[in-house]
Amino acid sequence: MTSLRWIGVIAWKDLRAEFRSGGRIAAMISFSVLACFLFSFSLGSLVAGRDVAAGLLWLTVLLASISGAGRTFDAEEEDGAFRHLLLSPVSRHAIFLGKAAANLVPVTLVAAFTLFALTLFFRIAAPGSVALHAAILLPGAIGLAAAGTLFGLISRHSSLGDSLLPALTFPALVPLVFFGATASSRVFLDRPWAEISGPARLLWGIAIGVVAVGALLFRYLTDD
Amino acid sequence: MHAQEATGPRHGMRIGHGNGGRLAYLGFGLAAAGVATILLVHWLVAFWVPTEAAQGVVQRIFYIHVPAAWACFLAATVAGLASAAYLWLEDERGDMAAVAAAEAALVFGAIVLLTGPLWGRIAWGAYWDWGELRLTLTLLLWFSYLGYFLIRGSVADPRKGKRFAAVVAIIGVLSIPLNHVSVVWFRSLHPEPVVFNPEGPSLPGEMLATLLTSLAGFMMLFLGLFTIRYVIENHLRHRNRTSQPDNSGALT
Amino acid sequence: MTLAARNLVCSYGPTRAVDGVDLEVADDSILAVFGPNGAGKTTLLKALSGERTPDEGVVVADGKAIRGSDPEWRCRVGLVSHRTGLYMKLTVMENLLFFGVLHGLAKAALAAEEALAAVGAPELARHRAEVLSHGQRQRVALARTLLHDPDILFLDEPFSGLDPNGAEALEAVLRERRSPGRIVVLVTHDLRRGLRLADRVVVLRRGRKVLDDDRAECEAEALVGLFTDSGSPA
Amino acid sequence: MTSLRWIGVIAWKDLRAEFRSGGRIAAMISFSVLACFLFSFSLGSLVAGRDVAAGLLWLTVLLASISGAGRTFDAEEEDGAFRHLLLSPVSRHAIFLGKAAANLVPVTLVAAFTLFALTLFFRIAAPGSVALHAAILLPGAIGLAAAGTLFGLISRHSSLGDSLLPALTFPALVPLVFFGATASSRVFLDRPWAEISGPARLLWGIAIGVVAVGALLFRYLTDD
Amino acid sequence: MTLAARNLVCSYGPTRAVDGVDLEVADDSILAVFGPNGAGKTTLLKALSGERTPDEGVVVADGKAIRGSDPEWRCRVGLVSHRTGLYMKLTVMENLLFFGVLHGLAKAALAAEEALAAVGAPELARHRAEVLSHGQRQRVALARTLLHDPDILFLDEPFSGLDPNGAEALEAVLRERRSPGRIVVLVTHDLRRGLRLADRVVVLRRGRKVLDDDRAECEAEALVGLFTDSGSPA
């Protein structure tokens, strides 16, 4: 119970600072617009939108969320606040989950927006069922938000940031993006649920795995 | 809010309240004349100008679309120049003018971005084409003026915010030349210049006359809006300054 | 409550920042830790507060070895460090409320107001941390530390940046809070002030304890004599 | 003369710190690998590599450099060093040029690396002359590095953060990327120099323009 | 050399941090600036050093209005601020060399070694800034400021974090450097030390000057009396 409360208040704090700044999410979305525009500019005439939309969707969401996640711990380090957060009675899990939850909001928004922008840019008339897209993007967003939180911590923490660890976080996401793109492309091509449920379940599995691993690892990354 | 205004002549505030009133009237007059002219153009478009052969009735959007685009470019250019002046001379008036012009650029840009797709839906069968450099650049120009206002509010020190915004306005202008030549340099759907081309205007007389009338209307409207907005901005800053207790020392 | 360290060692790579320190803090008392720059005072505080697991030795509170990860322990600890630990984009009140809720305070808002008043900065509540001056931030950091009324206070140069009145206020707070069940470990370079407040004095040099004595036995001038080789990290 | 020396020593300082921490370059390059992998995954079977490589190349370099630009001023702000840099007798131009030069290294590395990765992933047998690619990517990298430096500073001070970058850099960068992609695609298709020299010259022009405008405006971003 | 401010005003938005300050620093002298937290001392230094263009008023050096962008002016200025301004990933020597070269010093390495010795930290040269303790960093920051032998020193709480020996060393440096053609503006909350060093004393409160007097006329206790509303910025 208290754990939930902690997660909530940490997420609240992060989101508050985020929204205070007014347009950070709007700006993150503009990153996705830029990507979509460039995609359609360089590919639009060569391929049919439905064939490529899934790959581009996941690529854009991945890039946007990683580039946003790098800043997750900036506010914490601006004047050493993270140290005090770690010294408070809050459990490490709750810190990780709270920060990941705060990250989830922009990632989800970017995912939704990119989906919308891609169907627009590539003029995909029947982009498939929105509910199915959501069922696939949601675990993806959860996984990316959690991975982004870890990535942010690693690249921020000076002793770890010096290593190649941050670079290694990216490839770790390949399975997530791979299955996500596979599933999404089937939704774009209007395949039946039977063909989608497999990768969708897998995605949920991966997402939960990433969150669990993150919550576990977080302790070791933060303890001195 | 902006203590710089108190410095005397160099930092603006020449246009005090008395003057501001007169300027405001001028602004309202210009804006009203602009609106009247644009209404006249609507009448001309509806009842006078001949229908263009190839495109039919939709082509009449032309008389709003094109002057609005030019007004948008003009506003953007004014915003850029005023921003440059602000940075260069550190004159507060430059910033106020830039704010006024940037807002006008947003307004006229919105008109272009609404009329263009409506026209495109019928002329090209699609609202938008992302492969089209002009459309994209116009949209981005509009975004960068949105950024202009976002950035002002997002910096702790308002002076820095104004400078950052000024830089954004200046960079934004740089894309206008490319926007203009983009349709000539690259094969595209969007029509090439019909007025400002080397061989002179390639329009029938009535069309040109209507276009020019509309253009005059939009220019007046721009000048009017610009003046009104400038006076308001000036007033707001003046009021903020005087309403502030003399020794506000620090916070609270 | 009592706090003790037995043969503490903390290293950064080859540097032994704290090199076999034993110490004891009696209940209801203030321990002042002095020492030249780089002596290991900050590192010692990290070990005592459980923030850093020592490489050797243990920290014992009330007869039991502490574990930094134990929430109960962390509830009892308050820390002021070299950096303020504020979120610059949040207001002062939001900063305090956040930490109050993390500590499970029922009336976080009230506690926050009281803490701000105690450090003499009640009117800062609505301002964002980023617009505050150095000393104002330091006051807010102090308020954050006092917020949950910790039993054990670790103060690392808490007077830095405070104006004389602020420093007075902090001294008053420390004196007032002094009571059975509570202790304070104070690191400062202001020997006079430290001696005024402390019951016991420890001097570190190069990670080792070179003095551990009753306050009454110490004189500022004599203490400085122990600081030779100051600033040398190895 | 002193100006050159200043530029050199500032770039040296940045690169030195960069290579000690290493995180940013590694992250940018792994970002590019991942992007190339995803592109080939979602497009590989649909299109010929040579047709799309140019667009993807510029897209990746642009996104990677935008995501890296936000970090340009991190070391400067870690403990307020930038203030002292600005207070030294160094001219603002030199600071800008020095930092842009330091930025050029990761951007160029990413460009070279992406070119290599794309030809590999898309199995482009004859990717055109390396010298020609360099002649086009170099001005592109210069423009991106300069724009990244300018806007990195803005985003550093704005609560909107890095995510604001794309929106602000759009008008400056779209022309660059547009001409760059056009020129690169001609190189990929092995067109003669005559067809490439036009856009290449334009690219150099834009790059020099961005650097000049940046050096001019930087002063106003830094003066209090 | 002389430095003077006429009717300086510096605002952050609606906050007038410095609100019409006039002051004068005579050649070969040290001016101490005191005041409660949030009084505007740091902001005043920013205006005097040309780092920030004042919203009103001018800063005059040797009879000429200064321009912050003038490289000659910047060559003559040295500044210590609340933050150390070091590059954490560079070694101490690299930090110093970097600033030395920026200032066009012919023998930067030699100057760096001398400056480090002056602040009593010669053995830190090869360490990265990130591994130093708080006070060690502060010493290096002082060394960086002294490196190019500036005519005008602006010191914003330079004693913070320094151990007593370090503070002594700094006092000695300031006394020793004192000579015609040079001035020091010192902001500190350590009234005793400030009074010991200064020739003239200015007290700010809420951005306004409330005292400007000869050192001899001032007493620490009396000065604190002027700080009323301390910490309270309004």
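For clarity, chains are labelled A, B, C, D and E in written order, and residue numbers in each chain start from 1.
Rule of thumb we're sticking to: contacts are C-beta pairs under 8 Å (C-beta built on N, C-alpha and C of every residue); 3 or more make two chains touch, one makes a residue touch a chain.
Since this is a predicted model, take the numbers as computed values, not measurements.
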Equivalent-chain rotation between subunit D and subunit A, CA atoms, steps of 5 degrees: 175
Chain at maximum distance from subunit D, centres defined as averaged CA atoms: C
Pair joined by the larger number of C-beta contacts - A-B, B-D: B-D
Mean-CA-position distance for subunit D and subunit A (Å): 25
Distance between chain centroids, defined by C-alpha means - subunit B, subunit C (Å): 58
Mean-CA-position distance for subunit D and subunit B (Å): 31
Distance from subunit C to subunit A - Cα centre to Cα centre, in angstrom: 39
Set of subunit D residues in contact with two or more other chains: 20-21, 158-160, 164, 167, 170, 178, 223-224
Residue numbers of subunit C (touch at least two other chains): 82, 89, 123-124, 131-133
Touching two or more other chains - residues of subunit B: 136, 143, 150, 154, 156-157, 250-252
Subunit A contact footprint on subunit C (complex, rising order): 46, 49, 51-53, 68-69, 71-72, 74-75, 77, 79, 81-90, 94, 98-99, 101-104, 129, 137, 144
Of subunit A, residues touching subunit D in the complex: 20-25, 27-28, 30-31, 33-35, 38-39, 41-43, 46-47, 51-52, 54-56, 58-59, 62-63, 66-68, 70-71, 74, 155, 158, 161-164, 166-168, 170-171, 173-174, 177-178, 181, 185
Complex contact set, residues of subunit C against subunit E: 12, 15, 35-38, 42, 82, 119-124, 131-136, 138-139, 157, 160-167, 169, 189, 191, 224, 227, 230-234
Complex contacts: residues of subunit B adjacent to subunit A: 126, 128, 130-131, 136, 143, 150, 153-154
Touching residues (chain side subunit D, partner subunit E) in the complex: 2, 5-6, 9-10, 13, 16-17, 20-21, 75-76, 78-81, 83-92, 219, 223-224
